[in-house]
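One chain, chain A, links the two complexes that follow: it is found with chain B in the first and with chain C in the second.
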Partner chain A sequence: MAAASKIDPMHQFQIEGLSGQLSGAPFVFTNSALWMMIVLGAILLFMWGGMKREIVPGRWQAAVEGLVGFVTGLAMTNIGKEGRAYVPWIFTVFVFILFSNYMGLMPFGIVEAAHPFTVTSQFTVTGLLAVISFGIVLIVGIAKHGLKFFSLFVPHGTPIGLMPLIVPIEIISFMVRPFSLALRLFVAMIAGHILVEVFGNFMVQGLNAHSALGVFVWAISFIFVLGVNALELLVCGIQAYVFALLTSLYINDAVHLH
Partner chain B sequence: MPQLTQLALVYQSQLFWLLLTLAVIYFGIARQMLPKIEKVVDDRNARIQGDLTAAAVARDAANAAETTAQAADHAAREQAQALAAKAKADATMHTEGLLAKADAAIAVQLATAEASLAAARAAALNSLETVAAEAAQDIVAKVSGAQVSAADAASAVKAVLAHG
Partner chain C sequence: MDLAAAKVIGAGLAAIGVGVAAIGVGNVFSAFLEGALRNPSAADGQQGRLFIGFAAAELLGLIAFVVAIIILFAV
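And then the complex of A and B:
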């Protein structure tokens, strides 16, 4: 019991094998995979509810149409009319990250076994998303423009003298893109969850102390957890939006070369 | 950090299940359901646009009909006014003609009357001369006993009348 009450905010990110021991093999079903399936189920349920295709939409259908319109608008405003081809991927990224983030915030943890697992707090997940986005940028860019794609590293109107300085900077900033994409989301998720976990533990320990100071610590921590949770609700949406927005901006670079 | 310590153990499983999930979202939802939802939205927008266009056409037709009706009304009013003015002018002309005819008749009558008056007056004056000459003849005969011829008396009277 003493060991369990020790603060271990990283435990929530632990992946456990559900279909057997973790072995490094690809087909082991884990709690992470389970929550991906739950997220997928939630997305399917949500989208299915919007498929009534009535001329006057109900609330659910209006919500689904709003989401679709939002993502389509994002792609079309940032990429232009060629953006339609990339709507499916941007939608996939946005919806998966959004649902994963919010699924990780769900208070299922009041039943211990149902503690949600935030798949977007795994850089294996955010990394793959970023790599696919970056891969689309590379493939589209080179397929559309061939070697001219690399003129992306030479901004318009750069003086020749500054080329040796500007071009490496541009190359580095381009190469950093998948890492910044993946790490931004991963760090935002993990930081918020650690904060909530740590101050949640302070609350428990404060109450267990059975003293005036303990109650004070509990009250302060409670307010803090409340605030961090509110912030998390915001960050979950913003991070999904930022990932989708940056993906569309990078694709725009690839399609239009500045 | 479990993400690092477990990396070698879990990355294959993570990638496999994530790819599976993303594939379902991408091919099942984003490529299958999304176009249908977009089509519903587009159809609705098209229908709203069509209704608005139809309403605009109907409004234009109503406006055109109103303009036509107003023009017809205006034309009818002008025609009526022209007819009234013509009738009034005709009536005035007719009255004037009658008046002129009556005036002319009156003028003729007047002239005749004046002429006969003048003739009567001249006759009266003539007879006055004759009477005066006879009176002068008698007066001369009574006063001087001289016999004056009627012609002399007449000329003398004429001279006196002319002078006096």
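And then the complex of A and C:
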């Protein structure tokens, strides 16, 4: 029986063409694209609902204002008063990641065809977001400071003797930033979803075993699934926050050097 | 030992890193709480640094997970 029902936790991350075969075609509408558009729709709905500019804000407008105020505050505390110029990008990243993380957790999988696809569980998506963040840092830094931007690699008060050691370390840590930014988000999403999938499978197999031990396994797995899902809700929010926070910190480096 | 068995053992060993990263994350939050309880008024201003430390510690655990997955599926 164990061989017959092998757990396949990676299947949920498979990209499938919805309008034809993936290989060979120049453009295929995939489930990833579909869920990206659903996320976009949800964001548009959320934002438009709260942008009626009422004098006395209702609940919806208060929610949107709270979100905008939160991201603006994040940018202003980390970058200073120049931070307002970068709020659009930080807000875009934060809201897109937040919504796609939570969309991937939605329990639509009860209907087989509507199984949610977590957009941020693909390295191409998170990698692109990270590369854009990194590009903004480079462009802003070089446009603002010219060649002085490269003094970023020499911290203040470094003794001359330590230069050959410190400068390569700083350069490596700078170049690794887009990777760490993208890797963190995509692995956190993959790990959480695999965990939920595996314990969900334990529940199904436990009940299918028709024995007291099976029911015991089901009960333990059920508690685990509850716990892991609660943790996932937390992690989804934290990962979006961390991505926005680190982006604003890197932009702060570019704006102010150090 | 054949390759398949060695792979699974290697992936299990790599997963130890995830547990060690958990200790790191715990250290970050425990140190923050310790400081925050001594001076609660300064705690809110340090929340950004708390999450930077958390992100750095967590990243290493996630890399350990990636190594385990690579050993299992890509080697």
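Operating definition for what follows: the second predicted complex is superposed on the first by the 248 of 258 C-alpha atoms of A that agree within 3 Å, B and C clash if a C-alpha of one lies under 4 Å from a C-alpha of the other, contacts with A are read in each partner's own complex, and residues count from 1 in each chain.
Keep in mind that, in the parts below, a contact is a pair of C-beta atoms (placed from the backbone, for glycine too) under 8 Å apart; a residue touches a chain by one contact, two chains touch by 3 or more.
All of these numbers come straight from a predicted model, not from anything done at the bench.
Undergrad: Kindly say whether there is room for both chain B and chain C on chain A in the superposition, answering fit or clash.
TA: They fit side by side.
Undergrad: Once chain A of both complexes is superposed, is A:Met10 in touch with chain B (first), chain C (second), both, or neither?
TA: both
Undergrad: State whether A:Ser151 touches chain B only (first), chain C only (second), both chains, or neither.
TA: Neither: A:Ser151 stays clear of chain B and chain C.
Undergrad: Please tell me which partner, chain B or chain C, touches more residues of chain A.
TA: B
Undergrad: So, A:Asn78: does it touch chain B (first), chain C (second), both, or neither?
TA: second
Undergrad: Which of the two partners, first being chain B and second being chain C, lies in contact with A:Ser211: first, second, both, or neither?
TA: Neither chain B nor chain C is touched by A:Ser211.
Undergrad: For A:Ser173, select first, second, both or neither according to whether it touches chain B, chain C, the two together, or no partner.
TA: Neither partner.
Undergrad: Which angle, as a multiple of 10 degrees, do chain B and chain C span at the CA centre of chain A?
TA: In the superposed arrangement it comes to 90 degrees.
Undergrad: Going by the contact rule set out at the top, does A:Val28 touch chain B (first), chain C (second), both, or neither?
TA: After superposition on chain A, A:Val28 lies in contact with chain B alone.
Undergrad: Is A:Val68 touching the first partner chain B, the second partner chain C, both, or neither of them?
TA: first
Undergrad: Once both complexes sit on top of each other, what is the least C-alpha distance from chain B to chain C, rounded to whole angstrom?
TA: 7
Undergrad: Quick check on the output: what are the common chain A residues between the chain B footprint and the chain C footprint?
TA: Residues common to the chain A contacts of chain C and of chain B are 10, 190, listed in rising order.
Undergrad: For chain C, which residues count as touching chain A in their complex?
TA: Its residues touching chain A are 48, 51-52, 54-55, 58-59, 62-63, 65-66, 69, 73.
Undergrad: For the complex, give me every residue of chain A touching chain C.
TA: 10, 74, 77-78, 180, 183-184, 187-188, 190-191, 238, 241-242, 245-246, 249
Undergrad: Residue numbers of chain B touching chain A in their complex, please.
TA: 1-3, 6-22, 24-26, 28-31, 33-34, 36-38, 40-41, 43-44, 47
Undergrad: Using the touch definition up top, name the residues of chain A that touch chain B in the complex.
TA: 10-11, 13-15, 22-30, 32-33, 36-37, 39-40, 43-44, 47, 50-51, 53-55, 57, 64-65, 68-69, 72, 87-89, 91-92, 95-96, 119, 121-125, 128-129, 132, 186, 190
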